[in-house]
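Take a look at the structures listed below.
Two complexes follow with subunit A in common, the first pairing it with subunit B and the second with subunit C.
Showing the complex of A and B:
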């Protein structure tokens, strides 16, 4: 396998276009590659044992032809696509998979995946859904079981030192991602939405130290270059997974600057650090249950409050997105939902209520995770941009 | 369907009617409670994880999931669905949920129960009890109800045991411990909400009655392994809400299930089937087409007897909980058993999905089924996402074929009984073929 020499944004683009290239190289050198789904499996625990976590994605350009036999058409098309790629052998390089209860179909997929793809190693984390104290304690116990399982698979001990070292490495990456996102604050932004997504996706397919190197290259390049994005209407995208640049590209071609996101191949998995105390497993349990923001976790203004206050609940659930909108000076919000994504679908009228209450225009776009279905969305995006101008 | 009303081929159990009637009483009770200023709750089905606590606190519970089916059957669903759509809820989401959201929106607008609401309607609730059992809708729907209802929402956590990780050393006990802590918090919350203390003696009694009710119901269904099968799925579906929603007093419901046991046993003794002539024994996957149940009479005429249904609506396999002193722990273990009760069999046979998946294999083997009717429901992910997997596993492991008949839980247009009936003849040939295949492979039915 020929070593690629590109750097910075070009390297990110190459990695985006051929995401498994690097891990296949590493596998040839004896590394174990562990696929994971969604943002809830603690990557630090894998890295600490010298395993390479590799995020599983679908492919909007590849027709789903094999997944129908084990996942029906009326469930998440992203998960169906991901399984389809697995059934077609495109994830054959994986040594194992780790999946968490991110959503219900994701939970079923974990078990379906190991039935049909029989990975040498697999682990399922039944991540709780609330931020109750008992749920946090339970989550930690699940992570202890995950630790034991990884130790048994690798034959190595996962010491607190190793785990802390891994946490520091990932926290460094998170800090670099936040630094990268700072470059989206100027008008025009120094890096486009398409480029950002290419970088973010690349980070999820390479080891963290290489990701950190890539981020430093990109930050340095973006700071110095003179041919960055042109000025456009500043948008934030909130919603279901976006793992292909086509949607963002369509928006940016229509005159938008996608300057901020709250999606799971964007800021969502990177913005919260693991706050380090004296027990790294406590820290991970807290970060992955309490600090990650995703509608799959139940949020309420005051836990156990007997009086309902709808606006206070909305504030508790969505004010961080309003803060993003303010800090990145966005003019409008795209609420993006994958068809059959329940956890985001139910949020739509509520987050819209919230944005209406703070005077931020928003529009809901629904996509079926296919390239062909992007065309009708273009007209709606153009109309929305017209309203914002 | 032509002549729909004339065909009553399935021999219904007399003992089913009092059980079916309990659901009507459940709705009446909630409206009465509301009129009297007593607390009411809208609940998601929680597999007995929270029901006993509500009953012990004298909170009348109704289940908007069931109400979705009721509205579909009464033809009231379209207006509620339309309202939910106009409120901006995507139309691919759960039909029951959209029905409930549309209903709540209308109720808020009117300031009262909408006129013509089936079963007297759902009263304005004091509490929304959501849960982590299975589907995301089970809590996201109720969170979205916050737009229309002033009631606080409680989320009852429920892990998903029944897979290999849940049987790691110590995992069962720490999961039970988690559930008990959650229930204790829930009790404290209920006490604050209604301003009175839990009556622990009353809870003790209700928990025991609920466990006994489910044991009696389990034993009824166990009898259906008999050949010919004395009880059709129609009677299961009419009787299950009494257990699933704890629709009446569980002590009285247990008696009703025992009466049903006697009636079913009597039929077995007389070798009496639930249909005129049992030619094929079938399992049914997930919720039936509530609005087209006469479909089953048409199939019964062809000799199709439906002998077992989805795991999701069955009671747990009975276990002895008499030595567990804390009633909350008994609740936790009872519900845990529901999820994990099939795991041992799944583990031994190398099946990954000890709930939803493997139970069908066990049912089909033990009830000697010739086929499965899979009924994917377009807007219900939970009822649907495992069905293709089950179809595949049944064929690979047991050489039992599946007929897929698509539908929905509230949208009548999505179920086409004529089309399904056209497939019946060819599917009979398929079932005959696989009887031969199974015999050749040494399977005993």
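Showing the complex of A and C:
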């Protein structure tokens, strides 16, 4: 294999187009590659033991032909596609998988994956769905189990020192991602939505120190460039996973600039740091349960107030997205749901009410995770842009 | 100055020519079809003849509908959502909610001060569109334009599922074989399409006045069923197929006059030529 020479955006694009290229090189050098689903498995615990985490993705361009034999068709098409790729042998390079109870399908898939694909190592984290004190304690206990499991797999001890060092490395990456997103605040932004997605996806398929290097290259490149995006209607996109550029490309070709997102191959997994106190496992348990914002977690404390004051409830749940909209100066919000993504589906009527109440135009788009299904969305996007003009 | 709106829908192609005083000088409706679709320029030529105009006298052409990118002689493409909103509010200024049921899609539009402010569209499924009625009319050997009159004789409407065209068709055949009267089955079909589209439109928080447009609005049975489902009066324009083309022409006028005022109206080099297709 030839070492790739590309830097910055070109390197991100290459990595986006061939996501497993780098980990296959690393595997050839003896590294263990651990596939993970969703944003809930704590990556720090894996990299602290020199394992290379690799985010599992689907492929909207590949028809699902095998997964239907072991998953019902009425569930998340992204996860069906991911399993389909697994069944077709495209994840055979993995040494193990770590999956969490991100959503109901994610939970079942963790077990189905182990049944049909029998990876050498696997671990399932039963991440709680609510934010009580008891849930936090339970989550910490699960991470202790995960620690023991990783220790017995690697034969190494996961010391507090190693973990803290790993946390600092990932926090550095998070700071660099936030710095990259600052480049999206000017009008026009210095980096397009398509390019941003390529960088974010690349970060999830390479070790963190290489990701940090890539981010530094991209940041200095876009600061200097003269061929950046042209002016367009500034949009924020909130919703289910987007792991292919086709949707964002269609929006940007129609005259939009996707300048901010709240999605899980975007700002969502990177914006909150791990706040470091005295016990790194405590810190990880808190960060991954309390600080990550995803509709998969039910905001139970706030829910207690819902009947008394609906608007206050909405404010508590969604004001961070409104803050993004203000800071990145967007004109409209795309609410994006994958078909059968119940966790986002539950939120849509309420987040729409919230944006209506603060006077920010929004539109809901549902996509069934295939490239062909983008055509009908084009008319909706173009009409939304006409509304915003 | 004269302005043209060309609305290429999945089933019908509509052309409207208006004057600067918003007077409608001609309106022509022709089938889009598989082959006829190439002939949008002929529908356009008919409209010019009707208005007694030459193509060179036209100041601005806006194309809309799902075939909007296939019109080589258009100055601009605008989505059918914006065009319907404009067309509807120019004809009925009091309308706040418009529901359009066409050959292959259904949409709900929220209109404020003459502008589109929000919308919903059906997902990729024939149920809740004109195709639903066409498929079932064909299965029964009926003409789709007769369905409205047939249903008006109904006294005991049956319930037909609104989720799938194929299932509904099987249900219709089953009901008829049980001896249910045709008019009661057809009335059930109208309620099925109306309840499905009303359910979708409700996401917009419907405000009166409500108008129903698109080819399906010509079916009095669906209009009545929609009124029942929404619990309020539903208006229908005299020619419900044309609101998109009228709106397209009017938006074209707005663009042309604005460009003229700014000294930027450039007459585009264009010829009346055949519809082009995506490569």
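By our rule, the second predicted complex is superposed on the first by the 381 of 389 C-alpha atoms of A that agree within 3 Å, B and C clash if a C-alpha of one lies under 4 Å from a C-alpha of the other, contacts with A are read in each partner's own complex, and residues count from 1 in each chain.
In the analysis below, a contact is a pair of C-beta atoms (placed from the backbone, for glycine too) under 8 Å apart; a residue touches a chain by one contact, two chains touch by 3 or more.
Bear in mind the structure is a predicted one, so any value in this text is a computation, not a measurement.
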Q.
By the touch definition at the top of the document, which applies to A:373: first (subunit B), second (subunit C), both, or neither?
A. second
Q) Of the two partner chains, subunit B (first) and subunit C (second), which one does A:361 touch, if any: first, second, both, or neither? A) second
Q: Tell me which partner A:154 touches in the superposition: subunit B (first), subunit C (second), both or neither.
A: neither
Q: Pick one for A:105: touches subunit B only (first), subunit C only (second), both, or neither.
A: first
Q: Please determine whether it is subunit B or subunit C that touches the greater number of subunit A residues.
A: B
Q) Which holds for A:342: it touches subunit B only (first), subunit C only (second), both, or neither? A) first
Q.
Quick check for you: in the superposed arrangement, does A:383 touch first (subunit B), second (subunit C), both or neither?
A. second
**Q.** Residues of subunit A that lie at the interface with subunit B and also at the interface with subunit C
**A.** 349, 364, 366
(Q) Per the contact definition, I'd like the list of subunit B residues that touch subunit A in the complex. (A) 87-90, 92-94, 97, 130, 132, 134-137, 139-141, 143-144, 146-147, 149-153, 155, 157, 159-161, 163-166, 168, 171, 174-175, 178, 181-182, 185, 188-189, 192-193, 351-353, 356-357, 376-379, 381-382, 384-389, 392-393
Q. For subunit A, which residues are in contact with subunit C within the complex?
A. 349, 361, 363-364, 366, 373, 376, 379-380, 382-383, 386-387
(Q) Give the list of subunit C residues in touch with subunit A in this complex. (A) 66, 78-82, 115-121, 123-124, 203
Q. Inside the complex, what are the residues of subunit A that reach subunit B?
A. 68-72, 74-75, 101, 103-105, 107-108, 111-112, 114-115, 123-126, 128-130, 132, 134-135, 137-138, 141-142, 145, 148-149, 295-296, 298, 300, 304-308, 310, 313, 337, 339-340, 342-343, 345-350, 352-353, 364, 366
